[in-house]
Amino acid sequence: MENLLEIKNLTVEYHTQGEIVHAVNGLSLNLRQGESLGLVGETGAGKTTTALSILQLVADPPGKIMGGEIFFDGVDLLKTKKSLLRSVRGNKISMIFQDPMTSLNPVYSVGFQIAEVIQLHENCSKEEARRKAEEMLEMVGIPKERYEEYPHQFSGGMKQRVVIAMSVACSPQIILADEPTTALDVTIQAQVLELMNDLKEKLHTSLLLITHDLGVVAQVCDRVAIMYSGEIVEQGTIPEVFDHPAHPYTIGLFGSIPTLSMESTKLTPIEGQMPDPTELPAGCNFSPRCPYARAECHSKKPGVTRIPGEATHELRCFALGWEQPDETLMEVIKRGR
Amino acid sequence: GGSGGTAATQPAATSPQGSAGTPARDKLIVAIPETPTYVDPHIQATIGTFRVVTQIFDRLVELDADMNLVPTLAESWDIKDATTTVFHLRKGVKFHDGNTMTAEDVKYSLERCIASAGVNYNYLIISEINVIDENTVEIVTSEPCSVLLYRLTLDAASIVSKAAAESTSDFNAAPVGCGPFKFVSWELGGDITLAAFEDYWAGASPIKTLVFKTIPESISRTVALETGEVDIAYDLSATDFATVEANPKLKMATTTSGTVWYVGANVKDPILSKKEVRQAMAHAINKQDFITLTFNGNATDASNTMMSPYLMGYAPDLVTYDYDVEKGKALLAEAGYPNGFSCTLYVQDAQIYKDASVALQEALRQIGITVEIKSMDGATFTSATSKGEHQLFFMSKTSIDPDSMLRAMYSEDSLGASGNRTFYVVPEIDQMLDEALATTDSEHAKDLYKQIQAIVAEDVPLYPLAVEYLNVGMQSDVNGFKLYPGKTHYIYGTHIGE
Amino acid sequence: MNFMTTITTTTIVKRRKKKSQFVMVWERLKQNRLAVAGLVILSVIVLAAIFANLLFDYEAMAVRQNASIRLNPPSSEHWLGTDEVGRDILARIVFGARISLPVAFATILIAAVIGGLLGAIAGYGSRTADNIIMRIMDMFLAIPSTLLAIAIVATLGSSIRNLLIAIAVSNIPPFARIIRSSVITIRNEEFIEAAQAIGANDRRIIFKHILPNAMAPMIVQATMCIAGSVLSIASLSFLGLGIQPPTPEWGSMLSNGRQYIRVAWWVCTFPGIAIMLTILSLNLLGDGLRDALDPKLKN
Amino acid sequence: MYKFILKRLFMLIPVLLGVSFIVFTIMSLTPGDPVQLYLGDNYSQEAHDQISEELGLNDPFLIRYAKYVFNALQGDLGNTYSTKRPVTTEIFARFPATVRLAGAALFFAIAVGMPLGIVSAVKQYSLTDNASMLVALLGVSMPNFWLGIMLILLLAANLGIFPASGDAGFKSLVLPAITLSANSLATITRMTRSSMLEIIRQDYIRTARAKGLRESVVVFRHALRNAMIPIITSAGLQFGFALGGAVLVETVFSWPGIGRLLVDAIKLKDTPLVLGLVLVMAVSFTVINLIIDILYAFFDPRVKAQYK
Amino acid sequence: MADNILEVKHLKKYFKTNRGTLHAVDDVNFSIRKGETLGLVGESGCGKSTIGRLILGLHSATSGEILFNGQDICKADAQQMHDLRRQMQIIFQDPFSSLNPRMSISEIIGEPLIIHKMVSSRAELDKRVLELMDVVGLSQRLENSYPHELDGGRRQRVGIARALSLTPQFIMCDEPVSSLDVSIQAQVLNLLKDLQAEFGLTYLFITHDLSVVKYFSDKIAVMYLGQLVETSASDELFRNTLHPYSQALLSAIPEPRAHHKMQRVKLTGELTSPINPEPGCRFAKRCLYAAPYCTGQDPTLQDFGDNHFCACFRAEELRKEAAGIEE
């Protein structure tokens, strides 16, 4: 399969008063046609920024795309003409925004906002667009009678579903879904995820799914990339990463999930706070919090290595190359989950 | 003005009336600065009103441009005795409604005028109006009145059609007179249109349509002249004279008016009651500068009399006050104010008053008098000054006869609202005024008026400063227009082209 | 009560110096070149007004008439020429700033504060309050400002202070309406609910939450109003209300000079430019302030 | 909504009563005697008494006011002191001209001001932005009459394109309308700019862009509607003021509107005329503001919800 | 009950819309005991946030009572409400729109302290704000930042810190951790638990993450279209799910494990609109077990023992059936 979307070395910064926030630091990512990629990471890791960069919607000021390339269908979106970009947006690549409440225009009815994108890209009549929009509403579990209602009359989850309906309406080639189901109950969430799965099966739609819900990733995605401080620290297929998480951050992440079967009363978060994105550590970004960190971790940036024995499992960590591997770390990796 | 001139070489076809080339241009558009309040001559006498009314109505007698009495509706008159005058009316004069003017109409009109509070102050002296026959009417005054004929030239003495006035409740909406133009229409706030009266006794005017257009801003009137939108424009600003004169398409006419501007002192005020103080003030004023500053030079020295040169008994400069600051200061010191004093100057809120007040303030400052200017709207001004709340005030007065001028200014009869705002009372003057009015000997009257002028020139309760010029600008093909000192102008006689 | 006793916390990292809101706004303003230009122009005008006495002899240059030099064009002696009674226009402009500027600022301040407050209450408060306030505003909008000025001067006497009140009062209703219009949209925002939820009272909500978000139209309205108020001083002093001649004042200079526009353009052009520069600088400053106050633009 | 409109129209009653009372009070408390003005410089005491009886000025204040209200309720606003014509005749002879001028000015201000404001918001800090702001500032800082005279000198006197004065057809409307609109144009431009700037950084604008909408659609459909409320508010205010009469513009262009009528009426202390004009203005403002309030609901459904 | 901190009785909230009355909350009854957590779950749009808003007095109820420590919130005057708000707080569902865009993070967090005069000096305020930021894991660097500069997770933590600042007795948490990554989520949940243990805080906890609910709540209430359909102790509900909707819900939880495909109960059928709903079970149209008598009449909550209530006409029947099959 061809790479439909290829991000190379993307660097994005936010320039605020006297400070530079390094939101995305040389990130590279591929997305193949018909593939679902989960993008998981700590808050503030730069997931939203990455997604916004693809469509060049990063607010400027203060955001600046400092470097990198984003190839879609062989074209570098960062260098292409405005008009081409417009024909891509909403049509070939659509985005589900993280904050659905503020992403809807308060003065237009929700139905209109869905119909608008349909009418724009499908070149159809008003009535047809409306019909299709109503269909989309029903598809995300909102009675079509509520077409004429305004965002402020909708609940949080309903707004989120409107945003979803809007972005899948034109059957895009890629959906960038930024935490699309945070406000949805599990039944509707399942329904929405199924909708996306259908698209994937029927139209080979690719999905970049940003989420914190590892359960959702496990259910929906083919691959997962773990992001930390603006970099991908680990990526691989679901079984590869879920069964044998290798990066200390990923391991910590899995350790903090509450499960239905869990009996303990205390969750175990990863110690410490994320590094200050205005002053990233000299070495590995995770090193200040890493229980396995050694001297070199604090001074040098680790590169990306493929984990031996696994097809696509890549890691940004020194640990695997250590001559004297860390016992406990190896233990955790091998034991898997 | 050059720019106006170059543009003028363009065909005047830009004017809405178009037809510049056609010889038979018979529509005349006159720009007036203020809209009339009425077209009924018997309601109120304002300049806005009589500029229009004059054209619709004729009067028994008329003043020509040199202020000589000429017969109009009255072909001739006999002075029967000191109080009675008999008028022989012109025969066959038609009103606009087709009726013939008779003595009844004259009687009716004058009585109508006397009954109207707004205009009757000049005519209350008339005690009887008797119709002798159809074409003869007799006017009797309660006291001898040598200036009666002059007063009958005023618009308030216009002859209206009795039949028309009695048959309508709103004569103002449909006035009927026997003047050269008849009323056609009046858009409130907009144009007033008159049409030539074909049966006018002296012959129909070649101007068939006469439009009065209100253009308040003087610069706009000038521009309207330049663009050809209007044919005649009254009261141009002195700053525009050069422009108009330089424009080959335009011409100007100017004349001195009967309007005198003066600064008055409230003699009831303890300080201003002193003659020396008032004289000191007179010495402080450089009248030439004052005229330049206030009127842009568009006026002439009043020669220390309220009378204008046209009036009987005009006696200029009986006493003169040279511009002499030192003398002024000395007089002040003599009066007990070596360091000056401060006082108020009441003026109305129009530009000319404002300019004048600043000039006066500056003049008086030189001799140590600090003037506080109080400008106010007309309503407040008239009421405040008639109550004597002021110290100094600046005002003007127009008159066409010596009695009404001097009586209003200096007589006890007219204290306060009626005109005497200086509250200056000298019984002697009152006596002389009455005597002059009563006498049929004009030389005697002249002499009396001169005496009065001499007294007030010495006392200076008010100091006449300037006699205003009247001006009008017109297209150069407008001919026959005469400017009258009395501010009323007859359009009749005007024609376009040769 | 303190959580810290029970919860282990990460060590507090080095404290960045906390800047006050004012300092931050100022710093942002400083980066805006146009705003700085506005500030400079305004300062020059204000300083000139303050030190007018040192620059010109009031009596000799700004008041004394001199028929021999009337309507002189700009020259080395009279930089901006002389007016119709031979006074130095530059001097009059400089002294005129002493009237025009304070009146303009004070009226705007009063109008903005009272109007802003009324508008905010109307927009945020109950329907009844809204109706009462806005209907009273309708009434005041309908009463011509000259009439209002006449009334105020008639009851309180004629003085610059009362003139100022008159102008301020007639500027209140537009402010109220503008602010109300912003408030009725902002009051629907969820952060207002959030403020209610933490127990903020109406006053706090209006001042801390609503008005800062309604600043933009307010600033525009204020800067726009300044022009109006400088010019309305002129028309009111024409009616004899307030500033009396020969006190120099921009609005009257401008309107007195208009009849000379064809023969001596400088008489009304320069006061006009003075007014324009003032408004221009205030607008530049206002725009800069608007941007500096908008955290989304900080940059 | 109908109930809302009815209720608001009903509130005209207290507004009109309030305004008329205030104006009545002002007119009778301020110095100046209308009779004196009416009679001019010279008159007798009898004449004064006669006229003031005629004008009904001898009654006590409250009785006069009550009489006025009573007559007004029957549609009779009295006759003016100065022309003796019915106040309504005087006003409505001029009101259409005022409406025409105000309407044309507003149209021009909106048609030019909004696009300028939008462009400069979209291209903040660009040359276009600065240029259009300069235009706006010139507009607001240039006094009406000054601009009017300049236009007359340039376009009427020198080029002869438009007539310099009067009210005769479309051509004569152009210059006064432009003059009158200068201020509103500036205000609208700047209001538009500033409120567009607030909106253009909202998340939903990003959403609109993400849909692939053309920038013009994003701006006009998505941003503008949200920015409309302060804009229409200030447009409404400007229109209201223009309806109240534009004295200076009317003077310069000899436009037969109600502005000069009002100023003259105030100067002449023509109470019935002043009252009549103020009532007309109160009605205009109330109606305009009602329309604006209804437009709020039209532009913003959240505001509409508040009206229910 | 004296130790009920919150009692909600017959609470209704209707919204007027163009097409009729929207029954957002329709006759809801529940109570929370001091120191307990009630988890509120349900379909998106079923009225959970509305209940939260009603409790905080941000909406006025159409009818019903909300007793907070025995005092009816619906009838409280401004002063009482002010005092009540010292005791109860809300974490809004939408972390962004509930933050004033013109206030910096530290201002937002410190505001309740100023309003309720909980600090006496500027320095104390700064100190408390920094502590709170630290507690929720916001670095100090952000104190002068504005909400739009933050990522979703941090915005949410600002909201949490604000709610915690007053150390209220009761916090209404509307999806407080939805945008947090699992590690931070764990940190925050631990914090909330610790606070509860320490100060006897009470939570009304709305979330869609059932594993979080299970972990966090003592009792769970399941809502469907404005009505409560099932309430019970947390463990009991997961063990013994009675209502068909609850069953569907539990079956749809995605497990964070590879190779594990879930067997969810798919809900099909026509969506019921909350606008002018007809009487009868609102789930009936989509219910696998619906019988004709399920419509026409509203089901009421019935006691199934162990404080387990369920509003389903067929619950008893189905329970027996299920038990029968398993046997």
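Think of it as A, B, C, D and E in the order they're written, each chain with its own count starting at 1.
Note that in this section contacts are C-beta pairs under 8 Å (C-beta built on N, C-alpha and C of every residue); 3 or more make two chains touch, one makes a residue touch a chain.
Since the model is a prediction, treat every value here as computed from it, not as a measurement.
Participant: Would you pick out the chains that touch subunit B and also touch subunit D?
Facilitator: The common neighbours are C.
Participant: Compare the CA centroid of subunit E with every other chain's and tell me the farthest one.
Facilitator: Computed centres place B farthest from subunit E.
Participant: Name the two chains that are joined by the greatest number of C-beta pairs in contact.
Facilitator: Maximum number of inter-chain contact pairs occurs for A-E.
Participant: List the centre-to-centre spacing of subunit B and subunit E in whole Å, with centres computed as mean CA coordinates.
Facilitator: For subunit B versus subunit E, the centre distance works out to 89 Å.
Participant: Based only on mean CA positions, could you tell me how far subunit A sits from subunit D in angstrom?
Facilitator: For subunit A versus subunit D, the centre distance works out to 55 Å.
Participant: So the centre of each chain is just the mean of its C-alpha atoms; given that, what is the distance between subunit A and subunit B in Å?
Facilitator: The mean C-alpha positions of subunit A and subunit B differ by 91 Å.
Participant: Starting from the mean Cα coordinates of subunit D and subunit E, work out the distance between those two points in Å.
Facilitator: One centre to the other, that is 53 Å.
Participant: Identify all positions of subunit E at which a residue touches two or more other chains, and write them in rising order.
Facilitator: 94, 96-97, 139, 141, 148-149
Participant: Please output the residue numbers of subunit B that touch at least 2 other chains, ranges allowed.
Facilitator: In subunit B, the residues touching two or more other chains are 219, 349, 377, 380.
Participant: Touching at least two other chains at once: which residues of subunit D meet that condition?
Facilitator: Answer for subunit D, listing residues that touch two or more other chains: 30-31, 145, 149, 153, 201, 203, 266-267, 300, 302.
Participant: Quick one: in the complex, what on subunit D touches subunit B?
Facilitator: Residue list for subunit D touching subunit B: 30-34, 36-44, 46-48, 50-51, 82-85, 89-90, 93-94, 97, 145, 149, 152-153, 156-160, 163-168, 251-254, 256-257, 260-261, 266-269.
Participant: Considering only the defined contacts, which subunit A positions touch subunit D in the complex?
Facilitator: Residue list for subunit A touching subunit D: 52, 55, 57, 59, 82, 86-91, 94-95, 97, 99, 102-109, 116-117, 120-121, 150, 152, 163, 166-167.
Participant: In their complex, what parts of subunit C are in touch with subunit D?
Facilitator: 34, 131, 134-136, 138-139, 141-144, 146-148, 150-151, 154-155, 174, 177-178, 180-182, 184-185, 188, 216-217, 219-221, 223-224, 227-228, 231, 234-235, 239, 251, 254-255, 258, 261-262, 268, 272, 275-276, 278-280, 283, 287, 290-291, 294, 296-297
Participant: Over in the complex, which subunit E residues touch subunit A? Could you list them?
Facilitator: Interface residues on subunit E, with respect to subunit A: 15, 17-19, 22, 41-50, 93-97, 137, 139, 141, 145, 148-154, 157, 175, 178-187, 189-190, 193, 208-212, 214-216, 238, 248-249, 252-262, 264, 267, 271-273, 275.
Participant: For a test of understanding, state which residues of subunit B touch subunit C in their complex under the given definition.
Facilitator: 1, 218-219, 237, 239-240, 242-243, 286, 288-289, 292-293, 296, 347-349, 351, 354-355, 357-359, 361-362, 372-377, 380
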